[in-house]
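The two complexes that follow have chain A in common; it is paired with chain B in the first and with chain C in the second.
Right after this comes the complex of A and B.
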């Protein structure tokens, strides 16, 4: 692993990861206020942080029902995100979207499909149109490993390669390997093999290592920006225990930055938590624990304030239900 | 200058004019231009904007949606309407929600073009009326031209609106002729009175308008004067125009090539009865079976000129003469 290539700066990956982590932890801690379903991104923050650093103006992003980390890392207003999950009237979505459809057009997240594989074909059109308007721009296309069960992913990989579209396909793969198969639902040996069968070059990476994910995604994104055609990343991030239930639950407690100094025991925080893995990389790179604590305190305060602002917003009014269906005649 | 032309000529001219005039229009799948259109040079002039996807309707439709969100105006040409079923999630569950979910910040003005209805000899899998299903999807516009002037105006409207559009085209309209104005009539939600008569009004859209006009000729020969109302668009649906004309007639017949349940015709009849605009109304829809291959079987189901005329006469307690 070539972790030492990238600098030991908490602003690079840790800060966007913490924005995502603290947002989701606050949601779970206040789940009683949420009427309806929601999905959290805990354990999947590595790709979100890489996205935040690699994303340029003019790029677009398609994500999934598990979108919180992508938006939080990209710098979306956490208050608007909280408000939407709470069904309040703060942002443009006005309680019509909920957790699963969060967007932020200011950072290129134009539409979030909550259907498995639903947004994948959109990335191709976004890449086609975006790169015509602004050469060098790319579409980042996130989806889970379950989406490989849908034809849309295979059709999209094929067409993106056929037309050499600038798409960075990122599979957030929280499925467990299953014997010789990529997962319990795929007969192929690996997801990279599937992508390469469609002539999309790809690489697998350990999603528990944010630096490794960043380096892999940086290289793939640079190739895509250089008109090499689409690329595929298999981000292998084991499922966080709190996501094994229908509704997320607090399986591992609030992340404590100081736990980065410990790797004893067999806890998730000791071995599988990408946030603490990044903290450990920074500590080994000479960044003092105090500085990491200060970054976390700042991000946590932003998240706390955002939740307060969301709670203070009015509930979405009934007239919002019939607004914005079609353009005014 | 208003000129007389065939439906297919008007369609080709409207699409060519739009693509020539607006560099943001792209065509995804070229069936709109070929083989139904003349070799008018459109593909050669705009080869960078006319792309041929593989037979992958899911990604063809989704690609169009993505490109539309990013500022282009894609015409997704799907040919036979049942092919759209293979991209259905994108048409029914992605495009129509984008404006709503973004509070109007993001739009997806993609145009899905299909040849719907019974082309004859297509059999059960090639003859469908998906407009009936999709009128249950808020957020989509559904345009169903019946005349050369309609297709001229509605192609123009589709490319100038900000919503996803299903353009319900019909193969059997290709050789219908009629006047086309110099400037496209792109009004939405307004029905056209195609013929005036005092006894009964026939409400229809797409190819059924052409059949209703022929049925009105048969009725006239029997001394029954029929009006024909062309809906032009199913979303928006011109309910007010329908109520107004129905109130001025003693009877109303709603003709739809779709199956009755969930059709535009049955919904309009419900609105008419709810408004007490008439008490004499009748549905003439496709019989409730898949479209059979053999001609005599198909004609037992699909609304034919003779069946439309016969139902009108029966509703009035009259019989068509020999």
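Right after this comes the complex of A and C.
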């Protein structure tokens, strides 16, 4: 693959990654205020950042219950996101969606399914409608490796290829390889092999490298925009250990940007954290640590202010539960 | 000119909408070649296979694609063929189509029409004869219509394609090629309608059973008020309750097992809202709680039939 140089600009990938990271860290730090379940995207920010850079007006995005990074990176209002997770009455969803169904139509996230594989076929319909209305637009379709256990993914890969739909399939794959198998639950050698069996060309990438993810996703997205049909990205990102419990827990501490100058030890931040990996790329590209710290301070302040704004919103009223069941009662 | 059959009338309504609204698309197995029961006959020739799209036998993904199309501004019409196939599309229908408007905070309607045929009577056996009304009507967010005549079928297709919400049109298998009209056929497909006024007993039914009820009532001396319950979800109970408050008796017919939802909910609504007007216990005639048998004699025994309806009317009015 041709390596073109991504410029050493913190605004490109680091800033959207930090929006996602600081959002999730704040949620975990304030977990006592959350009544229901929630999932965080820590360790999966590479694809979200690439999405933020590649997304154009008219594109749509389907995501999963692990949706925070996608929305945060796309620039969705963090206060509305916090409020929805906390059951506050700030955004249109008014506590009826919760963490698992976060949306923001202004950035192309029209609906979020919490069923494993649930949003995958939606991307096909959105790609069909979107590309006819606005040629060159695409649907970004995110799902986890577990979704390959569901028939909908296989049916959708086949149908997208059959109808040459402009879908960028992105599997955020935190499953471990299992001998000769893609993972413990797939007998195929790789997820790319499964996609290619359905005539969807694909590539695997190391999710710990945001620049590599961006380059791969940029190439695939360009092919899809050029009417080549759907493409598949296997984003191989090791599972963050804070996600190994039913509820996320603070397994690795608040991310410290200055730790990017260290790669010693065997910590997650030293080897697997995509946020610090991007910091290291920027440092080696000549961006001073001070500038990275300033970017982080600005993003962290935005996240802190958003949480305060969400907390200041009233609790969603009981009558909100009864509204909007259908559009035409 | 010969009156259209149920399927022809529905097809004509679909064709009309395809002509006036270019957002309307048809998805399903064999729809581009006319559909297994003729519902889409000639449509791909007129509107092209871009809009009349054959799909693989992937009901789950196809229903999901339709949800995505609806989100993207189209008005998909899915021919789900047999009602039994709701099982294969159920995640997309129940967990997605029915809930998106709510979880999106009212920002994303899902204008989706699902056409599906159900019911016993043509000896197709246990997996191609069910009516899963009970399932479809248990999920808030879905609207379910059960048309009973060609005019009603056309009306159901028309209002479903005009509606911003997901609507399932549940067509009765044995009515597909029927040309039989009903009194007050022009009434709104959304509302229960009185197809025959009466004073002794209220008989609530839908689909094919409305016709059987009319035939049975014609052979009894009783004055039977027959109500066609066209909207199964949200179940339109008001007219039935009002009628029973006048007649004092309720008989409900429904092509589901006795534990299915529709007949039981009608009886519950009357018990709650017109209890003191009752002169007799409400009664249901439904299918037994068994899979649907294939052999003609067995299937006939399974189905609610005219003799049973007549006997029930006479027992309730004279007993």
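We take it that the second predicted complex is superposed on the first by the 323 of 329 C-alpha atoms of A that agree within 3 Å, B and C clash if a C-alpha of one lies under 4 Å from a C-alpha of the other, contacts with A are read in each partner's own complex, and residues count from 1 in each chain.
The criterion applied here is as follows: contacts are C-beta pairs under 8 Å (C-beta built on N, C-alpha and C of every residue); 3 or more make two chains touch, one makes a residue touch a chain.
Keep in mind it's a predicted model, so treat the numbers as computed, not measured.
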Partners on chain A (chain B, chain C) - clash or fit: clash
Touching partner for A:152 - first (chain B), second (chain C), both, neither: both
Chain B versus chain C as contact partner of A:309, first or second or both or neither: neither
Chain B versus chain C as contact partner of A:37, first or second or both or neither: neither
Chain B and chain C contact sites that coincide on chain A, given as residue numbers: 60, 62, 91-94, 96-97, 101, 103, 105, 110-113, 115, 118, 120-130, 133, 139, 151-152, 155-156, 158-159, 162-163, 323-327
Chain A - residues contacting chain B, complex: 60, 62, 91-94, 96-97, 101, 103, 105, 110-113, 115, 118-130, 132-133, 139, 151-152, 155-156, 158-159, 162-163, 323-327, 329
Chain A - residues contacting chain C, complex: 60, 62, 91-94, 96-97, 101, 103, 105, 110-113, 115, 118, 120-130, 133, 139, 151-152, 155-156, 158-159, 162-163, 323-328
Interface residues, chain B side, partner chain A - complex: 51, 53-54, 56, 58-59, 61-72, 74, 89-90, 93-94, 97-108, 138-139, 141, 161-163, 188-189, 236
Chain C residues touching chain A - in the complex, by the definition given at the top: 53, 55-56, 58, 60-74, 76, 91-92, 95-96, 100-109, 140-141, 143, 163-165
